[in-house]
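We just call them A, B, C and D in the order they show up, numbering each chain from 1.
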Amino acid sequence: MGVLLTHNAYGKSRVRLTKVERTAERHDLFEWSVDVQLEGDFEPAYTEGNNLNVIATDTMRNTVYAHAADGPLGSPEAFGLLLTKHFMTYPQVTQASYWGRIVVGDAAHAHAFAGNGSEQRTCAVRANEQGNTVISGLDNLMVMKTSGSAWKDFHRDAYRTLPDAEDRILATSLTATWSYSSPVDWNVAHVEVRTAMLKAFAGHRSLGAQHTLYAMGEAALAAVPALAEITIAMPNRHRIPMNLEPLGRANTNSVFVATDEPHGLIKGTLRRDM
Amino acid sequence: MGVLLTHNAYGKSRVRLTKVERTAERHDLFEWSVDVQLEGDFEPAYTEGNNLNVIATDTMRNTVYAHAADGPLGSPEAFGLLLTKHFMTYPQVTQASYWGRIVVGDAAHAHAFAGNGSEQRTCAVRANEQGNTVISGLDNLMVMKTSGSAWKDFHRDAYRTLPDAEDRILATSLTATWSYSSPVDWNVAHVEVRTAMLKAFAGHRSLGAQHTLYAMGEAALAAVPALAEITIAMPNRHRIPMNLEPLGRANTNSVFVATDEPHGLIKGTLRRDM
Amino acid sequence: MGVLLTHNAYGKSRVRLTKVERTAERHDLFEWSVDVQLEGDFEPAYTEGNNLNVIATDTMRNTVYAHAADGPLGSPEAFGLLLTKHFMTYPQVTQASYWGRIVVGDAAHAHAFAGNGSEQRTCAVRANEQGNTVISGLDNLMVMKTSGSAWKDFHRDAYRTLPDAEDRILATSLTATWSYSSPVDWNVAHVEVRTAMLKAFAGHRSLGAQHTLYAMGEAALAAVPALAEITIAMPNRHRIPMNLEPLGRANTNSVFVATDEPHGLIKGTLRRDM
Amino acid sequence: MGVLLTHNAYGKSRVRLTKVERTAERHDLFEWSVDVQLEGDFEPAYTEGNNLNVIATDTMRNTVYAHAADGPLGSPEAFGLLLTKHFMTYPQVTQASYWGRIVVGDAAHAHAFAGNGSEQRTCAVRANEQGNTVISGLDNLMVMKTSGSAWKDFHRDAYRTLPDAEDRILATSLTATWSYSSPVDWNVAHVEVRTAMLKAFAGHRSLGAQHTLYAMGEAALAAVPALAEITIAMPNRHRIPMNLEPLGRANTNSVFVATDEPHGLIKGTLRRDM
């Protein structure tokens, strides 16, 4: 039996690009997810395992980050035109396709950002013979800051490989719950707690996620007198600086690989000291 | 061997409540997901299958909708206090717990609402020897309207059971892609297309999802002269009026069951007639 | 400006069909998710809001369940051919498309079924100055039974609308965790606990989910002497009998609507009585 | 106002460990997701940003991979006891917690593995005036092989950083669709196509994902004479060798980091040559 390969294509999907473009006044933050796909003279890889023409999908990934480093991103459309033009320079490529998707992009502050909107307000009430307990909260409030965040001078031992960082991206998807010492206007209190936490996040000079968590909890307790206790959990959604040296470029703290896993998870509970 | 039941609890989870509270000036839309859990004298159900004390989880669900019909929701905390107080009136209940979660809640218009924020901007670029193709778009833009939407006079046959509706909730999670006849400022054009579609959705007097889709596509083509073609897909995220009659209440078109599946799926492609 | 509607299609997605086909020796259980899409003479619905030709997507849903009731399902391909043939009998339809997806389908017992495989084995270990604690478990073990399960004689009040059921489908996605009184061969013990619970689920004559939970916990404790305590959580994934009367058919306890939300949630902890 | 930090904890979540333990007769494949959490003397990090005691979550991750390299994994319970014992050796740690989750673990072949069970059988049928089209398929069939897979001699340019690999893990989550030249017993044909693809995947000496895709398609066409055409899409779920050198260990091609994104995506369509 003969077999024909009637169509083939390959590429790299879900290349998660984070870029910070800095000016004196403000930082622009781009979080995109990019897919690339090529068609062309690749049949021998399928039929014979001959890969000489095959541009590895890892090479495609490198190309995305390298071009992101070379100039302003502009728009997903402009960046897509740039990338597909690059891939068409390979003689074995007859068609290059690009898909871009903006994950985060709205600025809420000169260098702090509130994210992609799957935040939900939560609430738990329990009643028994001792009375009622009300716990209010929020889930999944994505926040990032591109300035004023360090992570250094932490424990050093044989398992540590991470270097100190003076200026890193801090990104987290916040979960918080809090209780009250007395009934309040629940809707108003929710807005006040949320606002206090966001303001503390943006304005705080962070020496670590733990440090920022504490500042946010402290701000919430200060903002709403009826707040008795607050618990915050902050997954540390790492944005890892891309190593551009093997690609002949310097990374001026601007091009990052966004990752979901593994992630740090920092928790803390604060209450008013009587 | 003897066995002890050391702890037990049961309840209903993910009760999806949609409520519209209407005043002359505006509609307030609430979309909540509610969980209820009871503890108390329920051991015989576990050990002997004796259910006489067991309030069915379906009954709990009915209770959520009935109480939602009885007055303004206020806040998840207030509604949780109301519900747990109700469940504590059963002698067999020693503890009642409630969790509420706000899924949609921000008003964008007197009776139209833009939703929970997982919207993403998308883009596809393809290059080959014929040149470049740019497709822009957006995914998962949740919109709802609580007025100006009917669904009636559709095909009648032996398989139809759905009655005509003069005034229903129209809820959808919009996906759209569009192409251009000439290059534009991609970022500006994106905002213009999105705004035109949202405005048409809110202002349009809908006779069906198909009718609204067409109005949105027409508005996008009118707003951006460089737009060549637009394709819209609208899953019809049904909000089904809750039948409150068996619970001794009238439903004044205000209490709905939100569902994700099954859902209608309406698609259409529009282009400029030359 | 003129506008052309160059393509349109609409349909119903994620119609979740559960069917039991019973013979003397065994039950066959089918859990499918079905999408239907139609093309044809539907432009007036888009351009004018004229719905006279439009077969409601709710009608499509009814049609899926009605045809499922009319004969053996056979295979998704055979059922798809039957359904599309039906929709082609409407003069306004020029193309009918069907997508089927088998969610559950493998038999593990004459009338009990173990499900779709996203089960994971879990484990938690905690060490502190008091020593070590080991908790083993499993998540998301989907099981169903189509015989030997009743739900009746539960609490009756003004909020109850659910009738008694002598013979219903019991479907759950099991989570369990257990602790040990002494170290064991962890891998062997895991298999023994899982097997004991599955056997109890299948063989037990259930008077309610609570009743079954207890039987499973009791069986696990009996099977593994080193087991100290077991906690089981069972979401009750309701399979609701489809009302076929308005469609002129009897439902012989064979056609069901599968739902994920809302769901009951039953929990219990059992330990050995010393 | 004074504030008290009443509880704190931190750790690393979703550390995705892949390990191959090889003997002459067979390979054992472990795919686990691990979380670690520590409690202890960490308050200064929260209150002052003093991180001297803080073991970075990145260090915790390194520790997981290092211990995985040091000996057989055994069971998640045994590995959890080992890890928590290690973390308790730090004087600032008062409690160490571990959660493990087995994602893949069942052997289907001496060095090929079929995965975690979210596979679904699919089917599409289209009817119009030209007749019927039936497309059968499967989604999300996870397969891995730990032997007989190379990736080398691919295109070399300024953007390539990936080295050649003689012996790598090949992991994919297969999607396939196929059409028939004539009606068949759909259920039987489905099993035959699936079996032929799995057997080709396991037995084939792979020179790349493209090469394996072709072998699988060829095997399916050979196994079922009524098959007209088959399209396969294979996301390349990379298992990246962990660099253990900074941790003072050699990686004997046994410890890998499992990743979901980015991933390669390889597609191909094969049909019978007439």
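What we mean here is this: contacts are C-beta pairs under 8 Å (C-beta built on N, C-alpha and C of every residue); 3 or more make two chains touch, one makes a residue touch a chain.
Nothing here was measured: the structure is a model prediction, and the numbers come from that model.
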{"item": "Fewest hops from chain A to chain C - one hop per pair of touching chains", "value": "2"}
{"item": "Inter-copy rotation, chain A to chain D, in degrees (Cα atoms; steps of 5)", "value": "180"}
{"item": "Per Cα centroids, the chain farthest from chain C", "value": "A"}
{"item": "Interchain centroid distance [CA atoms averaged], chain B/chain C, Å", "value": "23"}
{"item": "Computed distance of Cα centres, chain D from chain B, in Å", "value": "36"}
{"item": "Centre-to-centre distance between chain D and chain C (centres being mean Cα positions), rounded to whole Å", "value": "28"}
{"item": "Residues within chain A bordering two or more other chains", "value": "none"}
{"item": "Chain D to chain C touching residues, read off their complex", "value": "74-78, 80-81, 83-85, 87-88, 94-103, 105, 116-129, 132, 134, 136, 139, 186-187, 190"}
{"item": "Touch list for chain D against partner chain A, complex", "value": "1-16, 35, 37, 42, 45-59, 61-63, 66, 90, 92, 151-155, 157-162, 206-211, 213-214, 217-218, 221-222, 229, 231, 235-236, 246-248, 260-273"}
